[in-house]
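Across the two complexes that follow, subunit A remains constant while its partner is subunit B and subsequently subunit C.
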Partner chain A sequence: MDVNAPARPPSAPMRGRFRSGRQALLGWLYATPTAVFVVALFLLPLLIVVKMSLSRWPLLTGDQGINAPDNFTKAIDHRFFTDSVVFTVKYTVIATVLLLLLGLGMALLVQESSRWNNLLRASFLVPSALGLASASLLFYVLYSPYASPLAPVVDRLGITFLGSPNAALFSTVFLIVWRYAGFYMVLMLVGLQSIPADVFEAARSDGATRWQTFRRVTLPLLRPTLALTTVLCVTGSLLAFEQFYILTKGGPDNSTITVVQLIYMIAFQGQNDLGVAAALSVLVLAALVLLNALQMRAFRSEGN
Partner chain B sequence: MRRTSGGRTVLRSLAGVLAATLVLGVAACGDDGDGEQGGVAQAGPTGVDDGSELTLWTRAPLEKQAKLLVEAYNASHQNKVNLTVVPNDDYVAKVGAAAGSDGLPDLFAADIVYVPNWVEQGLFQDLSSNVAGLSFKDTINKGHLAAGTKDGKEHVLPFVLDLSMLFWNKQLFKDAGLDPEKAPANLAEYAAAAKAVQATRKSGVYGTAAGLNCGGCLVFTWFPSIWASGGEVLSDDGRESKLADENAQQVYRTWADLWKSGAVLPASSGETGPTWTAAFTEGKVGLMFYPATLLSSTPFDVGVAGIPGPDGGASTFVGGDGIGVSKDSKKAAQAWNFLSWMMSDQAQVEVLAKNKDVVSRSDLANNRYAAEDPRLVTINQVAGKGDTPVAMNFQQAFNAPNSPWLTLVRNQVLNGSGDLQKDNEEITAVLQQ
Partner chain C sequence: MTVDSKPTSAAVAGTPRAPAERPTGPRKPRGTTIAGVALRTPYWVFTGAVAVVFLFPLAWTAVASVSPQAGTNQVDGWGFGNYTTLADYQAGIWRYLGNSAFVSLLTVVLTLLISFLGGYAFARFRFPGRNLLFLLTLAILMVPYATLLIPLYVLLNEVGLQNSLVGVALVLTMFQLPFSTFLMRISFEAVPRELDEAAMVDGCTSFGALWRVLVPAVKPGLITVGLFSFLAAWNDFMAPLILINDSERMTLPLAVSNLRGQVQGVVDYGATEAGVVVLALPCIVLFLLLQRHYVRGFMSGALKG
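Entry: the complex of A and B
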């Protein structure tokens, strides 16, 4: 967020001296560094992707000229398109529900500051210090029926972690929960602690039960935090890639292909067609923008 | 602070871009001058050894052989080759990105099954006049040379040959009451041996193993079974799949039966490639179809034979990597120096054969190292009976993690479902794209 800060000068002076040309120039000057970064690191790549999506662009030979809208029809007609969209949505719903519930639950658990709670908070947060790819590799070994220290037990019980479609999905969800629950706990904790204590006191002196306090006081006042975490979690899950790339490679039997993985497969594993991959990326981007706008609106209107 | 440093960074990077453009411009002008004398065709029989730095990329499975070759070359030449080893899964992406931005290294190796496509896309320079100058041209491995030949012009030489062979663990064979000196002669005997090892019920020991979620592994190990009994896997033009034929069906049936009987390492069903040989190397698998390049790193006593088919016979997949001079190389004459040395007796025998690897020239098959180890003679002999399939869309049809070939095998062997003819047509459809 603070990257954007220089771009928005305080609004009060803006209104007062808007007509002053020097001030406006100064404003633009302040905004320039950010603007340059936004253009160079966001707008330009975006434009290149859009151009790719409209052109025939094989990985090995580069740009072969415009062929719109072939890439988009090819992307939608791809034999894994529907499967990957359905799977990504399914994964997003499961991951979001679990992460938000667990994050909130853990935050409520460690809300009061005491020595043991500090220890708990720290241990919940530790997995977040590990990169997602490293965490995935760690679990790859843990889940491996061959290299895992759990292998003898797993073998005797006849369980498989990655061998069947559902097992692979839930093994991956477990990894994600392990890795991210602490992070969402911290976000929830910040939200909880920004609720003024006197509101709780008032509720208590009115004779509210714990459940009533939680339902009527905590949850409504936590709405902005809930909005933020939902947007973060939904966006993150829809863009899931590393965990599936490392753990399942889309298997078994192509049952765990996410949309981003499909993009990667089209671009680099076989079809080697950057144009179709870019077309799919543009579709995902549009869907995400729409979804985030809807989410923001939903939380705002309920808040009013 | 943030803004100041940001601004400076921008200025600096602008300056950097400007400088880079200038350098590139100068370099480009320089090339135009050199291009006339420096082309690979004018390199002479052994190229130029003038102390240039060359870059070479290869993928991780062949790291050992590549390192040996590069070290031996650097020790005996003024040119210096810098080797970059890339993880197997990332190799195509890395080469693709470099090809698109004209940033390929001087030399790069490619999985031989991708070579036809990459030659077609123009990633390699034409080596035909140089190859024609080699006195031993006719003895170079035919499969590799053919894969890199377009319009009668060779673009690629064999870098490292990797053959799939039947390996068996002699100790486990003895424990199971099998003859440790005799290879199973056909697939039925193979299955019987696997079940016999399984029946010893030793903890952690399994009859056989395969990379059942790894398209490339299955191509490498199961195609030879089809060839051994006289079957074909692809039409001659590489645009039609014949993987629903009777020979292929027998192979699937044998493996489905093995899987059901529990004689296959359970981890095989999810094996995507990285550890598909590990269990055998650790002595926990009785017999399996295994890459010959790993012979030198298998620490216990193993038997080696060609891969049998349902009716016996023996064949092998002549895999491994081909290598050529990239389209972007400005030092083609120096790069040819490496390639011509690589094909020489010196490199083939004293580097590759010494490390128990397969030589890529048939006239060197009976070298002094092979004579010491009869298994190497077996491998070199079977190499002549092997095959290398050629198809433009090989990667997408077979090696990709979501390939239709993988779907076919998993349906036939693991899931006992799916329509074989339909799955096979899906492969043909991809091959024809």
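Entry: the complex of A and C
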């Protein structure tokens, strides 16, 4: 603010206070819509979900009073709880490793600006404009044994895309890589470009090989980008829903149920218990906050 | 169709060869000599093949949706039979297109309005609770979608917005706020303060300054926010899945997803393909038209995040 601007007349303190009061009022005026949305659609629901997690709350009849900690024990004792946690973590590790490696590799591939590389960047990025649901529907057809153009090949090899647990997992991972690799490529490109050019010059004049430059210069200087992309990718993958809901429907043999899918199932499919679903949501939220804090700390301490 | 971002080319031009690049010399000679072309051919072939992997599913779906296929409405010859199936599905595709368009437009308008005013407030004013409100807005990103949708389902029921497209748009707007408020704030901060002060000296009120002087100055930010909120709202699946249970009010992604397995568990793949094309087309057209804004949206997040 210009409260301490040098060319202020002697009456500055008075006017300054008046102005800052007016400023605060105007600021609040412009921020009011944001505040209304944040309070009504974010903070209030957060309070409600905590209350729901502590109450018996069937889908149809609503609040039936406190029953803590029944919902939490029911959530943890759910027959798919352990399986879905294990599967979600497994999926997250695979998807994160693949997306970060491919994102970085593609960024290095198209880093130099040329017509051809601009064309490549655009084609890597087109799928990211599609919704995850549309992409999942697209691959649902692409993987089907009837309509797929790959059906004859797959038939001859005797494999299926979605028939076995592992095949379903990797088919879904391929869909996710297709949809998101371009996005991570852009983030990596931004990171690569923020590295000053003279660092590379220095490495080259010191006689470093290309691999040494990459290992000792590029990677360490890319740390902030790697931290950001890891946090984004881990968070996104842990909350995976659409791809499995549409593509595998949790099958085969309930082998590809993610935690968020389990929340949805408990709340709206069959069990219809919003209380247990809310309890599981609260657990997921807590795990996510904890995990992100740990990741931030890990990247920060490694940096020092 | 090129992703051409100004900072990209500027920064890369000064960067020495990337580790994965061919050694083409320090002064960037294009592969004009025969040796240069020969050296670059494997690179072209490889990168071209990768690009095909990314483009093939889209191209194939578009072609397959009009090609003949057993078990669909397009058995003999090429044509738009699958689109007819889609058009006649339940309440009809126009209904679902209309629902999706309504939700998307309302989300875009609300997001633009709120993040424009909010970004201005955070960038230009000091008021008690400013930092707390900004942090709370960003904290929306940290909370899982499902964690909020379950209480929102209850909350919207309470206020009579159950099963309502307006309710869906409100929820989607809230989910857009972290990104859009952040982007509008840095857009406003990039505008020199002298600009609005000059306008106020000339007799504009702060709202007048905002409207006449600052809207043009932050237009690129507004385009990016609008584009991202449209794509998010048009494509969103989970919010309408949970908040809408009337088939008349479904949005397009939900309708196309439900379209599968309607007739005694037999999936009409042709109609699904047509549905994917209808869903994807607006997104791809917008992407191609507004690529620069699209890429800049990602970059601003990466730079300051």
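Note that in this section the second predicted complex is superposed on the first by the 268 of 304 C-alpha atoms of A that agree within 3 Å, B and C clash if a C-alpha of one lies under 4 Å from a C-alpha of the other, contacts with A are read in each partner's own complex, and residues count from 1 in each chain.
To be clear about the criterion, a contact is a pair of C-beta atoms (placed from the backbone, for glycine too) under 8 Å apart; a residue touches a chain by one contact, two chains touch by 3 or more.
It should be emphasised that the depicted structure is a prediction, and the values quoted were computed from it without experimental measurement.
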Legend entry - Residues of subunit A touched, compared between subunit B and subunit C (which is higher): C
Inset, instruction - Name the contact category of A:Ile76: first (subunit B only), second (subunit C only), both, or neither. - result: neither
Inset, instruction - Using the superposition on chain A described above, determine whether A:Val89 touches subunit B (first), subunit C (second), both, or neither. - result: neither
Legend entry - Partner chain in contact with A:Tyr146 - subunit B first, subunit C second, else both or neither: both
Inset, instruction - Using the superposition on chain A described above, determine whether A:Leu162 touches subunit B (first), subunit C (second), both, or neither. - result: first
Inset, instruction - Would you sort A:Leu226 into first (subunit B), second (subunit C), both or neither based on which partner it touches? - result: neither
Inset, instruction - Once the structures are superposed on A, label A:Ala208 by its partner contacts, choosing first (subunit B), second (subunit C), both or neither. - result: neither
Legend entry - Which superposed partner A:Phe268 touches (first subunit B, second subunit C, both, neither): both
Inset, instruction - Pick one for A:Asp253: touches subunit B only (first), subunit C only (second), both, or neither. - result: first
Legend entry - Interface residues of subunit A shared between complexes with subunit B and subunit C: 30, 32-34, 37, 62, 144, 146-147, 267-268, 274
Legend entry - Partner subunit B, residues of subunit A touching it in the complex: 2-3, 6, 30, 32-34, 36-37, 58-62, 80, 144-147, 155, 160, 162-163, 249-254, 257, 265, 267-272, 274
Legend entry - Footprint of subunit A on subunit B - complex, ascending: 2-3, 6-7, 10, 92-93, 95-97, 99-100, 117-118, 121-123, 213, 265-267, 269-270, 272, 275, 278-279, 393, 395-397, 399-403, 407, 410, 415
Legend entry - Residues of subunit A defined as touching subunit C within the complex: 1, 20, 23-35, 37-38, 41-46, 48-49, 52, 62, 105-106, 108-116, 118-127, 129-134, 137-142, 144, 146-147, 149, 178, 181-183, 186-187, 189-195, 197, 200-201, 204, 210-211, 213-214, 218, 225, 228, 239, 241-242, 246, 260, 263-264, 267-268, 274, 277-278, 281-282, 284-285, 288-289, 292
Legend entry - Touch list for subunit C against partner subunit A, complex: 1-4, 7-9, 11-21, 30, 44, 47, 50-51, 53-55, 57-58, 60-61, 64, 69-71, 113-115, 117-118, 120-122, 124-130, 133, 136-137, 139-140, 142-148, 150-155, 170-171, 173-174, 177, 181, 206, 231, 234-238, 241-242, 253, 256-257, 260, 267, 269-270, 272-273, 275-276, 279-280, 283-284, 286-287, 291, 294-295, 298-299, 302-303, 305
